[in-house]
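If you scroll down you'll find the structure; I have some questions about it.
To keep things simple, chains are lettered A, B, C and D as they appear, and every chain counts its residues starting from 1.
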Amino acid sequence: MIPDYGDAFARLRASCEADWLAYTQHDFLEQLQDGTLPRAAFLSYLRQDYVFLIHFARAWSLAVVKAGSLAEMQAASATVHGLLHHEMGLHIRLCGEAGISAADLAATEEATGNLAYTRYVLDAGLSGDFLDLLAALMPCVLGYGEIGARLIRMAGETPYRDWIDTYGGETWQQICREAGALFDAAIRDRLGEAPQTLPRWRQLERHFRTATRLEAGFWRAGLR
Amino acid sequence: MIPDYGDAFARLRASCEADWLAYTQHDFLEQLQDGTLPRAAFLSYLRQDYVFLIHFARAWSLAVVKAGSLAEMQAASATVHGLLHHEMGLHIRLCGEAGISAADLAATEEATGNLAYTRYVLDAGLSGDFLDLLAALMPCVLGYGEIGARLIRMAGETPYRDWIDTYGGETWQQICREAGALFDAAIRDRLGEAPQTLPRWRQLERHFRTATRLEAGFWRAGLR
Amino acid sequence: MIPDYGDAFARLRASCEADWLAYTQHDFLEQLQDGTLPRAAFLSYLRQDYVFLIHFARAWSLAVVKAGSLAEMQAASATVHGLLHHEMGLHIRLCGEAGISAADLAATEEATGNLAYTRYVLDAGLSGDFLDLLAALMPCVLGYGEIGARLIRMAGETPYRDWIDTYGGETWQQICREAGALFDAAIRDRLGEAPQTLPRWRQLERHFRTATRLEAGFWRAGLR
Amino acid sequence: MIPDYGDAFARLRASCEADWLAYTQHDFLEQLQDGTLPRAAFLSYLRQDYVFLIHFARAWSLAVVKAGSLAEMQAASATVHGLLHHEMGLHIRLCGEAGISAADLAATEEATGNLAYTRYVLDAGLSGDFLDLLAALMPCVLGYGEIGARLIRMAGETPYRDWIDTYGGETWQQICREAGALFDAAIRDRLGEAPQTLPRWRQLERHFRTATRLEAGFWRAGLR
């Protein structure tokens, strides 16, 4: 069951479905769900994700710089605020419980695949416009939504229940619906009612697909 | 009496004092304080300031993109959040009371001097680093602080009492002290203990002075 | 007679014709053509134009950063190369003949209207994509072409004959035709065959019109 | 023997020597020198390098945007011009001789490690200033210089003699000396005579080291 995060998401997801499933149904997630994922793999992922969130927040801030209306600015800015003032606190807390201090966390050496993804997203923003940037941001936001929605239906006993509940829970699902709606409105306000008929759409597909592949690489690195 | 907003402010202010006074003691402000400022001039200023705040929030978002630590990101992001989710609401309310609708406000034609300032600040960020961007942002934040602190001590009856109380009040003064501290710490973390001895400092002076002059132009336009 | 610099130019020019004529038929140019322009005004313009060209070259370099194909990169890069390695040399020579040294020239204080224009163009690039940036760049390139083409047909004896011959001459006219073709192709490659039917087109019109108005301000400053 | 490409290079190279040697003395290069490198590996590298050069030229264009003087702009712009109008032609010719058409070349799927490097460099420019960008660009320019200088002294019969002669030859060595001089002067003009004593220097070391590691990953990918 594909969650309803809007029209653009449905189209872009379908344009690279094999890549999308390789990302959202990766082994890392199966092991997360059935509890067989080694603790060390999860902690290594959490640490990389902390570094990831820093650059992800930078990319959403670039979206504020590139927004075309006050409403778009407010939506992007609320995301930055949530990431920096709430979500990163969660990582600090979870890692702290596992004996990783905030200083340790901040000193994490950034993995190449991690770096590749966030810098790609930032460059999508530097080289393109608000839509290019959103197209590269969406696979992370909405992919975690789809993963969470799927795992929460299936998950039984697993030490990673918290993680699954976070992304499968109503708060994150609502964030995903709003992000999808922001993306749909931004496209309509710029490209009109049939954006997928324009050459411009191919570029959005490329950003979405590349970001999706880079996300899959992130899980792959987590299993090594 | 010069408010204490930190070391860098004190030095940069002193490096262009004539320009600084032309900005912070402009006729526009004298008229604001003694109540002789025509209502139309004030409303015209408010409308331009609304457009200004949009681009000012974009510039602070660029500061998040360019920050060097989580603490710097959080400080800049909190400013963006305050601007977009609170301060702009104030403008909408004040203008609404004067019969200017939110749609009117959003349709304001941006004056050249207004545009010059914010785009200069954004380019200071694009061409330089976090310090260059802050050096160009500070004259607005801290200048309004110094103006508010001076006017609140002198002001009697004036229809613009609200404006004076906003920038002279403790909340804004605290924002200014924090912004000054952010700036000082950012300089120390990059340029060490004697930044003013480096050629780099000349560039920060240039940004600070140019932004100060452009601020004075803003008042000048308000009186036309 | 409107020169043929392509479809997008014709449409955008028509969308703001009053502003366009205020720019391309400004008094400054009439005086340039009939020779009544004071020498000091011309030199002051040349000095500002030198500073302008520096930021204009920066904006064309940003176009290389934002290009979508090798051909677009090469076109934009050739412009940068021409500006930095040839056109600026011309300014240095002309000013030198008038007793303004290269050091004097580099120390020119940038006028607000000058600053407003180039920083606006740079921000069109930072906030938008390749098309937004080109839409803001075109009024300068193509406006000078239209001005040159008109003046060269009319001009008699004037001390500013060199300037007129430069922009009315075949080399610059060819540059304009190529810039217009680059713009048309870039639009078609992104927005397809009916770009003017998309909401996106309104944004290109806004950039073109704002840049046109800022150009007019540049002449106005030259006469002061 | 370490080539003399200036002071900053010598210091930064020494600050991460193990990483530097892992990059400049990688197995890929030993096989290139003794001729055992499989043809397929070399062609795969050439194709990736073509995509690399596109983004590398974009990064040098960003350096023009961020330069602080006409001389810095001209130096960076000359590099862009050389890359886009000459060096990429070489790749097209070499690949053409091996039966890879220009269209094939342009359709090369960008490897993650390749993407990681160039986007990291571009982000060093977006987040930092001219020095940050140069610090991330130098490992490519000067590393190829050091590699070429070493291999040309040792190389005997190898089908890759052309490549070695290109980077070991006097033209490239001169480019490296000029790039190193540009970097030294840019540092001195901003940070004065003892830049390595400033906290700022740590950031330049980080960029140089990260870029060096990403370069090594590029060879590693070439051998897979």
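Note that in this section a contact is a pair of C-beta atoms (placed from the backbone, for glycine too) under 8 Å apart; a residue touches a chain by one contact, two chains touch by 3 or more.
Everything numeric in this text was worked out from a predicted model, so none of it was measured.
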Fitted rotation between subunit A and its twin subunit D in degrees, CA, nearest 5: 180
Numbering shared by both copies at the subunit D-subunit B contact, with half separating same from different: same
Chain centre separation (subunit A, subunit D; CA means) in Å: 32
Rounded Å distance between subunit A and subunit C, as computed from the means of their C-alpha atoms: 42
Subunit C and subunit D, separation of their C-alpha mean positions in angstrom: 35
Sites on subunit C at which at least two other chains make contact: 58, 65, 122, 126-127
Subunit A-facing residues of subunit B, complex: 54, 57-58, 61-62, 64-65, 67, 70, 73-74, 77-78, 80-81, 84-85, 88, 106, 122
Subunit A residues touching subunit C - in the complex, by the definition given at the top: 65-66, 68, 126-129, 132, 188-192, 197-200, 203
Residue ranges of subunit A in contact with subunit D within the complex: 58, 112-113, 115-116, 119-120, 122-123, 126-127, 214, 217
